[in-house]
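Two complexes, one shared chain (chain A), two partners (chain B, chain C).
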Partner chain A sequence: MASYVLLNIDTASPNIEIYAPSYTTVDILNEIVIQANEELSLDYQEIYVVDANGVRYDYSFAFDGDSYIGHVRFNNFPVGSIITLYARVMDKVGNVSNLVNKAIHIANSITLLTMTISDRQANVEISDKGRSVATNDRAMKIIVADSDRSENIGSN
Partner chain B sequence: MSNFVYITLDTTAPANPVVTIAGGALAVSNQLVQLAISVDDADKTGYQMLIWGDVDTTYDTKVQATEATSQWQAYSASPQVKLSAGDASKTINVRVRDAVNNPSNVAVDSVNLDATIPTITVTYSATTISEQSGKDTFSFTFQSSDAFTDYKVMLVTSTGATDTQGTQIPVTNGSTNVSGTGSFLSSTVTTVTLKAQDLRLAGANMNAQNIIKPFVKNQAGVWSA
Partner chain C sequence: MAVTSNGTNTYQYGTTIRFEVNFFDFDGNAIEPDVIKIIIYNQRYQQIYTEILTSNNQLGVGNYFYDYITEDKEQKLYYEWNGTINGKPSLKRGSFMTKFIN
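== the complex of A and B ==
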């Protein structure tokens, strides 16, 4: 049997991140995860959305050890608006995290979500590769130089 | 098929062997003690150790009084040995060898076996508290093998610390039973309550493990170890 006690005094707040889509529609059921870097307390969660008019809507997520998970459909917010999701939780010994937030755009339809495709358009790399034609340009100049030389030879 | 062989001639012995008896305690009351053995080598695969000294030779046939009579055994960082009977200073020697039998230097540690030293047993459950209200209190109980007249609860830096090697935990923020004087039976179970803020005052490390150790003084005036 031990004759001493090993005790940790935890004064550090949990670090948390919000995993939620940046774009959604009123129809989509979104999985939102508030993920912490340590075990959390079941006794405290502060998760809410503030809409464009500053109105607050509170949510209650499911506890999952080091995270809180919620499935939310934002069908009570105007299409085209941007809402902000806020979250704050507490670790097992009462240290409260910072209040973190994430903006979510409410689009009117799934079509708008093809913005992802426009991200792919950002593959300007393809057109960048097109610039390799510049190498061909240089090659052409060499050919021109050769022809100049041949002209010079001809004139001599 | 290759027509050659790669071979490493290893002549380097395990570096810096260290043995510590009972967490570095200066005195123990029980013949059974735990050793902490280490060498600097990170990979100890295939390593062996040889332990000898002031031991009860009937307890472990591989651990005997002399190096010549002891036997090599698989390396362990925390083996248990039984000291020889009789209150006196006891010395333990350890040599470690690597997988190709390069032997280290001998590591030595001594401890004073004193059966009159009271033994403390603590009981606790929580291992983490904070400074937040409602979560800033830690409780544990302790019991002594002997009747005692004094006790104190100290913040120490090693499990083997003695009653003079630590910081008395204050009661400024509401800690209770961190010291006492009286006539206590060995059956007395003392409940100690510690506040995180008092541990901070005593110099506890925040966000790290701290060692808290109760000590009692028996009726002969001997403090526990």
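== the complex of A and C ==
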């Protein structure tokens, strides 16, 4: 009987997307994610910002399986300008993605205001006390009477 | 119950989370912005909720809160407090996770 081995060769580029805010300020530490639809290679990342004057600034993000994650503060760009973030990565078998980009507005945020922010949840007390259940396995006494009734059978 | 990891709090999904903000000037005095907004983003930074706050959400001078009911799903969310004075915004962001907590 003939046997076959089918090989599927992965020649498809990974699809990637940039998760980044459309606007930010020079004060905010932005979490930016380059998310792919498959596992990526640790060996290749091309992530950079081009400012309004066409100057390129390279960044190195942390590898996280199917994504690269960076925490970036854009405090070296002019307030009010629009910068463009570019990203290109590679999957585990060497297929390089398209170069994707996202524009980010460095908003004209005033620093007249300073803020302290917090998030919290109302206190909720929970308990999972079980209702006690008493069991007993007292057996009912069974009295077995085992009396033989003997009959006198007389023989004539 | 909130679980904190890498500075991000994780909450039971479906619960209500209270966000709070205090606005100060350079001298550390509490100050009242003209407009105060809270914006919630999903992990893709798409706005999923925006609210302009009123005195109903005010605790004191420059001190506001907002109670947000989380969706019944596991996700990472970002929140943004956005205060405006003389038409110019000032903003700050935080993040949190929601998941089923056993």
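To be clear about the criterion, the second predicted complex is superposed on the first by the 101 of 156 C-alpha atoms of A that agree within 3 Å, B and C clash if a C-alpha of one lies under 4 Å from a C-alpha of the other, contacts with A are read in each partner's own complex, and residues count from 1 in each chain.
Heads up, the rule we're going with is that a contact is a pair of C-beta atoms (placed from the backbone, for glycine too) under 8 Å apart; a residue touches a chain by one contact, two chains touch by 3 or more.
Since the structure is predicted, the reported quantities are computational estimates derived from the model, not experimental observations.
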Problem set entry | Which of chain B and chain C A:Ser60 touches, first, second, both or neither | neither
For this session: Identify the partner contact of A:Ala12: answer first if only chain B is touched, second if only chain C is, both if each is, neither if none is.
Result: first
Exercise. Which holds for A:Tyr4: it touches chain B only (first), chain C only (second), both, or neither?
Worked result: first
For this session: May I ask you to decide whether A:Asn98 touches chain B, chain C, both, or neither, giving the answer as first, second, both or neither?
Result: neither
Problem set entry | Which partner, chain B or chain C, touches more chain A residues | C
Exercise. First (chain B), second (chain C), both or neither: which does A:Asn75 touch?
Worked result: neither
Seminar exercise, completed: The answer for chain B against chain A in the complex is residues 119-122, 124, 127-136, 138, 140, 156, 159, 194, 196, 199-200, 204-214, 224
Seminar exercise, completed: In the complex, the residues of chain A that touch chain B are 1-12, 91-96
Seminar exercise, completed: Interface with chain A, chain C side, in the complex: residues 1-2, 9, 11-12, 15-26, 31, 33, 41, 43-45, 78-79, 81, 83, 85, 88-96
Exercise. What part of chain A is in contact with chain C in the complex they form?
Worked result: 17, 19-22, 25, 27-28, 30-31, 33, 107-122, 124
